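A short write-up of the structure that comes next.
Naming follows writing order (A, B and C), and every chain is counted from residue 1.
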Amino acid sequence: MLELKAVRAGYGTFQALFDVSLEVHRGEAVGVIGPNGAGKTTLMRVVSGLIRPTDGTLVMEGVDLAATPAHRIVELGVAHVPESRRLFPRMTVEDNLRMGGFVPAARPKFRRQLEVVYELFPRMRERRHQLAGSMSGGEQQMCAIGRALMSEPKLLLLDEPSAGLAPVLVEQVFELVNRIRASGLTVLIVEQNVQQVLRVVDRAYLLKTGRIHTAGRAAELLASDSIREAYLGV
Amino acid sequence: MGIFDIFLLEAVINGLLLGGVLALLSLGLNLVFGVIDVVWICYAELIMLGMYGMYFLYTVYHAPIVVAGAVCIVCVGILGLALHALVIAPLLGAAPINQLLATGGVLFFLQSAATVLFGIEFKNLGLRLPVLKVAGMFVSYSRLLAFGAALIAMVLVYLLLTRTYTGAAIRAIAQDRQIMPLMGVDTRRIYLITSGLGGALAGLAACLLVLQYDVHPFVGLTFGPITFLICVLGSLGNFGGGFVAAFVFAEIISVGGLYLDLEWGYVFAFAFFIVMMFVRPEGLMARRS
Amino acid sequence: MTRYVPWIGGAALVALPFVYRSPYPLHILIIILIWSFAYTSWSVMGRFGLVSLGHGGFMGVGAYVTALAWNYGHVSPWIGVPLAVVASAALAALVAYPCFRFRITGHYFALVTLALSGIVLQVITATRDYTGGSLGYTPERYQGGSSLWAFQFGDKTTWYLIALAVWAAGLYVWNRVDRSMLRYALEAISEDEDAAAATGVHVTAEKLKITVLSATMTALAGALYCQYQMFISPDTVSGISVSLQMVFAVVVGGIYVSLGPTIGAVITILLAEVLRIWFGTRAVGWDNLVYGVLLVLFIIFLPKGVVGSLLELRRRSRWTSS
């Protein structure tokens, strides 16, 4: 579904990604793990078009993403839940969701899709007239994921969904990822929370200083000594 | 009621009516600032051109006033688009202050272009609307009309912002511009729409102001500073704040102008502004630039 | 060798009027020097991201207070100018203090100061019974226009030397600020106010210092202009246009170089003169029209100004050749 080959990208003169190759198949959940500053967020931004790659190929279902304007990538079925949620704080929950369904194809289905999101997050229905910025971190995360689902994506990009949340909520977020997967959505997820993310994804890539260091099935990585030592502290 | 009180009441009413137009002015500027994060220093000069447009269409070419107004609104809207496309768009990545100064250059350009093209004589529509007499007070129809039209325009803008996808995008972009592509929003398009809308509001303001004031190349200097003060006091990009501030300033100008010249009204407004900065700085700075 | 260049250049500039006495070029030179000083005054604070559009106001206060004190109070400019400078500094402090105290920066600061210069113009116009309003104002001539007491000199050479001295003093102040602790504090502030405050920089005080200094110098430029031209009008020494004209010249010349404002003054004033000669009496408007277009083009294509861009070019060519 999504294929990156030898992708390079960065900010100005600073290069953050070096020859990153990665694949996500339909219906899969794929994790990208790695230390701070490894380039995980950059990777997500390259896929959703916020940053353009300087080299390499980036293909989503046969369409060259590098040649697609950023705002058209959503129309191809890619929805990105950015790091630290980035809701529109002075807009209501429902207006935030409306922005998620901004693309022309999603507009006629707004009501239906809103129901889908409210079914998934009953909490959001209660809060639909509340300003997004006034909600708790966990609720904001729900709203951010809901906003991404409004465009009926095929591929969901989740950037650090558990960051800054209380442990109980972290559990909930990963459970949610499981439910989203079950609905048939393909998920690419970036996480610091290595142990938990490896329990919900099928495969994972370990990114280190902008390069793919290791790749493999989640279970294998969980069992691998180097990962255990470096990231799990056991 | 003594004669003094009637004058005062008349000034208060006129201030209220002026407030409507000032609120319209600050709305256009706020919209552009909120969405594009750029201050059009030359905003009042767009209005000046619109006033000339009205003068030529109505007085010189005898177009019906409604047609002249519509043409004027559209043309100044296009000017707003052009300003964005030619001056602001190439500078979007530059230091904010450079964007501000570039529009300062446009101010110079528009003022002198008007001087060169139209001369420095004061011109007016030659249209005198009747004056309404109520309980010994005089209120001109042109002011009532301006007030009404400004209010209707503001309601329309409000509906646009709250009821349409484009409006939602305009509000959203002011809160987080970087993630707009993730929503599928083409920011360049929203910028252009906003610039056109900001220009059209300036065009409408021109139509309303030309009913009451003569036009000359430097007329923008009369409205410009006061509009900026309103926007800063109401906190730039905050529509509600600008609305309230517009009425406060209009009252100061109108009531202050009752006792002394109109210029003193502006001076009082500025003094009030400085005092307000000491008293209620948080009202000024809802967010930092 | 390069360290002697300023001295040789300075000596040449001092010697100039004794060698070459043609009045028109000398007049243009004096005007350039006075405005260079005003532009330098602006860039003293402008280079730290404190973009003031209120300097037209400070200049207006400098010019009008001096002239009014002379005409109405018969106060010699020797006292009147310091008075004007103090008035301008007080005005600057009154407006800038709340701005800095309450973190009004960037766009907001530019707009507040913009309004200030608009208001000074309004006051001058409103008090037309005393100031002559938009028709302008003339300080009374004293002893045929040549008197040290009245600070009036009929002789262009004297004026040239005064303007030259003040201009040099302006450059000296610019360079002093450039080498002072104040500069580091202000640069830190312009990068990040919170971080600067956290490292112990007194943000409000430092910004206020540079603003008052800049306003003081600008008022002096206004007073000097008034005494030299013996005629001032709200449009030529105050208001938004004058403020923008200052910023424009500095941007053209180069904001981060000490000679930038001077070069800016040379370019803009010569440009205005050339346009005036070309268009003759039809010049009204044309010079500012070209100004406006150039300002926009400069900001888009040459944001570092002429001097700044030349220095950059030299640095780059050295870089590639070495």
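Keep in mind that, in the parts below, a contact is a pair of C-beta atoms (placed from the backbone, for glycine too) under 8 Å apart; a residue touches a chain by one contact, two chains touch by 3 or more.
Note that the coordinates shown come from a computational prediction; the quantities given were computed from them, not determined experimentally.
Steps from subunit B to subunit C, minimised over paths through touching chains, total 1. Taking each chain's centre as the mean of its C-alpha atoms, the one that lies farthest from the centre of subunit B is A. Chain centres defined as mean CA positions place B nearest to the mean of all protein CA atoms. Centroids built from CA atoms put subunit C at 30 Å from subunit B.
Centre to centre, using the average C-alpha position, subunit A and subunit B are separated by 43 Å. Subunit A and subunit C have Cα centroids lying 54 Å from one another.
Of all residues in subunit A, those touching subunit B in their complex are 48-50, 69-75, 79-80, 82, 86, 88-91, 95, 98-100, 102-103, 107, 147, 151. Those residues of subunit B that touch subunit A in the shared complex are 165, 168-169, 171-172, 175-176, 178-187. Against subunit B, in their complex, subunit C makes its touches with residues 49, 51, 53, 94-95, 98-99, 101-108, 110-112, 114-116, 118-119, 121-123, 125-126, 239-241, 244, 247-248, 251, 284-289, 291-296, 299-300, 303.
Residue ranges of subunit B in contact with subunit C, taken from their complex: 33, 39, 41, 87, 90-91, 94-98, 100-102, 104-116, 120, 217, 221, 224-226, 228-229, 231-232, 236, 260-261, 263-264, 266-267, 270, 273-274, 277-278, 281, 284-285, 288-289.
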